[in-house]
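Read through the structures below before going on.
Each of the next two complexes has chain A plus one more chain, namely chain B in the first and chain C in the second.
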Partner chain A sequence: MMKFLMMMIFMIPLCFMKNMFWMVQMMLMLMMFMFMNLGVKLNLFCNLSYMMSCDIMSYGLILLSIWISILMIMASENLYKMDYYVNFFLFNVIFLLIMLYLTFSTLNMFMFYLFFEGSLIPTLLLIIGWGYQPERIQAGMYLLFYTLFVSLPLLIGIFYMNNEMNCMIIYFLKFFNLNNYLLYISMILAFLVKMPMYFVHLWLPKAHVEAPVSGSMILAGIMLKLGGYGLLRLMIFLQEINMKLNYIWIVISLVGGFYISLKCFCQIDIKSLIAYSSVAHMSIVISGIMIMNYWGFIGSYILMIGHGLCSSGMFCLANISYERLHSRSLYINKGMMNFMPSMSLWWFLLMSSNMAAPPSLNLMGEISLINSLMSWSWISMLMLMLISFFSAGYSLYLYSFIQHGNYYSGIYSYYTGVSREYLMLMLHWLPLNILVLKIDYSMIWF
Partner chain B sequence: MAIFGITTRYVWFAVPIGGYLVGKYLDDQETLRMTNFRDKSMLYGGKVKPGDPPSWP
Partner chain C sequence: MYNLFNSNKIFFFILFFSTLISISSNSWFGCWIGLEINLLSFIPLISNSNNLFSTEASLKYFLTQSIASLNFLFTILIKLTLMKNFEMNNFLTIMMNSSMLMKMGSVPFHFWFPNIIEGLSWLNSFILMTWQKITPLILMSYCMNNYFINIIIILNIIIGAIGGLNQTSLRKLMAFSSINNLGWMIMSISISETLWIFYFSMYSFMISILCFFFYILNMYFINQLFINNMNFLVKINILINFLSLGGLPPFIGFFPKWIIINFLINNNMYLMTFIFVMMSLIMLFFYIRISYSAIMFNYMKNKWFKIYIKNKYFLFINFFSFFSITGMILSTLFFY
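== the complex of A and B ==
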């Protein structure tokens, strides 16, 4: 695992050279394909070295992180054209990728905590540095303080754990069972805020609205999955206490997911709508993890991967419109079918993936999650029906609002999609719909 | 000069590849270190007869 870490570290000086924008992206692509060739297919930890390792769960998420980083660079061509601190941007992306790589691959709980929080800094810099509006400072503060407020309990929880078990190795957690309310709350709250759970989700729409496209992509694509990854890893030694308390989180998530999908219909900002739809999806993921059965775990994992690709693609689409109309308002982004007919195909494909239409990963994940939730309690069927229905509803709403109708009369000039954008969208959509053909890799890790 | 779009700037690819090789060297050293503990645990130690090849390279 040191191989790829060193590869990324050696890329850092190249970020500060002139005209290295696409070169760095291609180096990341090279790394992606080298990493794919590791071919981890085991639910055991492989490639052990220096307290780093990956099993199939971290392998999938590391692949997703590298992929999203590549696409982030691809989506931010405007920065390169305008030479808007592009070197520091590249450094930021690589630094974020290193943090994510270490978070997903480390075996030590404390190191996990360190890199988990460390990934916050480059995200914050992305928002504050490359955001569009003055309100981005406030959004950055929200992001920082929501996450930090609950991360100190996590740190104390990890120290307590070390004191009790004399062990911080993630692999050995399965030999322990700590039945302690305070520890439980302090351990999971940090991840629930990161996911985010309903009630503590307010930082997410704010951060998305103020972030540049790359910030939104990494935020929706990976940062939300950090919470899910942490929960999936930690739940193993909190099983007993979780069985007593899980209904709290499941109920909050299911009811909250329904409210949030209704809130999606009230949005007038495309990015904010996509951000709220992320919260709705993540609420089903939280309930799947909290139920702690096989289908819940794999469903959450699959939905996390699927949602990472899908929502990141939708943020790309929102940015493509934004670059042309300089507005994200739903009232101005209308009648797009007249302007970019080919782009409306991609809107359709990504929106249909977002509403869990076949053959996307989201469908597979939602089927597993619905099964697991139904096995927990049949009453959850009511909320699941509503969430599924309204998630299809707001996807259709967004699609038809943007694509149909009369276009905004104030448009002065316009240009259609360029091949970079189509390629970018294709690279979001293809893995999302092709990975489902080999879904059993995601099903063996548990 | 460019052959299929490959220009001399692609020489910079040597830098991350060099990093990869350094990392691979470190990984191999770590694997070598871990062979100290190979086939010696109470759980798996008895499975390898004296004279047999070790259970993993």
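== the complex of A and C ==
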């Protein structure tokens, strides 16, 4: 594990060299390749070194974060062309990747918190630094303070835990059972805001709307999964109190997911629609984790990976339109099939993955989650049905609104997709739909 | 910094040694003498006959400090006449602690602090915010009235955070930030002295970078940060140091807070920790408000207003900021 950390640290000087933009990406791809061959096949912690290790759960999420970082660099070619603080951008991406890598691979609860918070700063810099409108300040503040307001109690909770059981090793959490309401709230809420759950999701659409494409990709791709990862890890020692209180979050998430799906139909901003759709997906993930059964855990894990790839790809698509039309409004981005017929295929593929069409990881995840929720209570069937239906609905709505119909007559000039963009979308879509062939790795990690 | 190179520099040494006198003295009277020398050596440092504000500040400083030392003297004389050795009562400790609180500008007696710091140069503000707090804190730790002090700590934390919210003057902001940090410091010194030394040295380190920054950039108000065209690296360094001071994780400023929160939880002070942590959130808010211009790479600038700042001390700043970023990692080298 240490070697990957060292590799990333020594990539930092590379970021500050001239014309090394693609080199950094290539090095990241090399690292991705090496990491893929790590061969974590056990459901226990493998590759222990220096307080770091990974089991299947962290392995998949680390892979996802390296992958998304590669695609982030690929998607922000514009920064490179314009030379808009590109070196610092690369540094930011690498720093964020280091933080995420450490978050997912650390064994210590406190270190987990430390890097969990540490990944917030580069994200904030991405949003406020490379965003477009002046409102990005507000969005950044929302992001920062929503997250910090609940994660500082998490810090207190972690120290309390340390005080109670004299250990902060994640693996040993399973030997403890702390039955304490305040601890429960402080532990859970930080991750629920990060996910985000329905009532505390307000920072997410704001941040997405203001963020540059790379910021959106990492936010939707990884930052939301940090919350899910934390919940998956921490559920274990709160079992008794989970039984009493978890239904609250399940209910809020299920009903909220339905509301948010309806809200998606009211959006006119592509990015904000995608952001709301990820809130809706995350609501199923939350309820799956909170159910605390096997199907729920694997389902939420698979859906997190799938959604990370899928929503990141959709943000790429939104940015591809934005770079050409300089607008994200649905009323301007319409009839795109006339201009970019091949891109239309990618819109379709990613949208269909988003609505959980067959070969995708999202389908796998949703099936497992439906299994788990149904085993808890058949009443949840109603909300699940509505969420599933409307998630297909808004994906289709977005697709058909953008692709079909007359194009906006005020368009002055346009250019078609370049091969970098097709490759980027391919690299989003392919793992999303091919991983399902070897899904047993994701399903036996527990 | 100009103070360093004129005849005033002798007073730096007196200031320095007076603190050592009072913290190493073994009688209360010696402590008092150290405090008085300290006061009388700081006055020439802040008063500058060309600047009306600093003269006013030095007068105010003299008045408040002499009232505080008067109280202190009164307390120790009463203790001398009424009490046996090694005996203190509640009244005397509260009296003692209050005079010390007044000395360092802690909360119920903090009103002079932002006022005076407004008339000081950045170097003097730095001394006022760090070095001048050593003596009162150490003296206070000799006989603390815990109930009293706990209330004071909470007040410090809250008022430091709320007071800084609406300020536009950087020095006042720093003053309120120092009031907030004073709460942390009093807390840490009531836990253990080594913990305090750790917190204090970290805080002084961060404050020194910021004061030095603002000194060489000649900044006194928030809007100046937007007017001047700063180098990109300088901006990033300002941002990093403010985030560090606010106690965000990857930077060094989180380190002392982490240690103190850990100790507080070990002592079962949950509510106190919660207040500490939530107020540090408010602190973070106005630190980030200062660094808006740094965190946004581009913003609306007046084309006709071009002040380019030459940075002579560029390497120096980068060196210190390097510690701010990597301090958490480097600290393992220092402490273990």
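Everything that follows uses one rule, which is that the second predicted complex is superposed on the first by the 446 of 446 C-alpha atoms of A that agree within 3 Å, B and C clash if a C-alpha of one lies under 4 Å from a C-alpha of the other, contacts with A are read in each partner's own complex, and residues count from 1 in each chain.
Operating definition for what follows: a residue touches a chain if its C-beta (ideal position, glycine included) is under 8 Å from a C-beta of that chain, and two chains touch if they have at least 3 such contacts.
Given the structure is predicted, the values throughout are model-derived calculations rather than measurements.
K.L.:
Going by the contact rule set out at the top, does A:L148 touch chain B (first), chain C (second), both, or neither?
P.N.:
Second partner only.
K.L.:
Applying the document's definition of touch, where does A:I128 land relative to chain B and chain C: first, second, both, or neither?
P.N.:
It touches chain C, and chain B stays clear.
K.L.:
May I ask you to decide whether A:Y50 touches chain B, chain C, both, or neither, giving the answer as first, second, both or neither?
P.N.:
first
K.L.:
After superposing on the shared chain, does chain C or chain B touch more chain A residues?
P.N.:
Counting contacted residues of chain A, the larger count belongs to C.
K.L.:
Give one of first, second, both or neither to describe whether A:L30 is in contact with chain B, with chain C, with both, or with none.
P.N.:
The first partner, chain B, only.
K.L.:
Looking at the overlay, does A:Y85 come into contact with chain B only (first), chain C only (second), both, or neither?
P.N.:
Touch partner of A:Y85: chain C, not chain B.
K.L.:
Quick one: classify A:M99 as touching chain B (first), chain C (second), both or neither.
P.N.:
In the superposition, A:M99 touches chain C alone.
K.L.:
Just to be sure I read the superposition right, which of the two partners does A:M1 touch: chain B = first, chain C = second, or both, or neither?
P.N.:
first
K.L.:
Let me test your reading of the model: by the given contact rule, A:P13 touches which partner, first (chain B), second (chain C), both or neither?
P.N.:
A:P13: touches chain B, not chain C.
K.L.:
For chain A, what residues appear in both contact lists, the one with chain B and the one with chain C?
P.N.:
Overlap of chain B and chain C footprints on chain A: empty.
K.L.:
What does chain C use to touch chain A in their complex?
P.N.:
Chain C reaches chain A through residues 232, 236, 243, 248-250, 254, 258, 261-262, 265-266, 268, 270, 273-274, 277-278, 280-281, 284-285, 288, 292, 295-297, 299, 328.
K.L.:
Quick check on the complex: what are the chain A residues that touch chain B?
P.N.:
Going through chain A, the ones touching chain B are 1-11, 13-14, 17, 20, 23, 26-27, 30-31, 34, 47-50.
K.L.:
Where on chain A does chain C make contact in their complex?
P.N.:
Touch residues, chain A against chain C: 85, 88, 99, 113-115, 117-118, 120-121, 124-125, 128-130, 134, 136-137, 140-141, 144-145, 148-149, 152-153, 155-156, 159-160, 162-163, 182.
K.L.:
Chain A touches which residues of chain B in the complex?
P.N.:
Residues 9-10, 12-13, 15-20, 22-24, 26-27, 30-31, 34.
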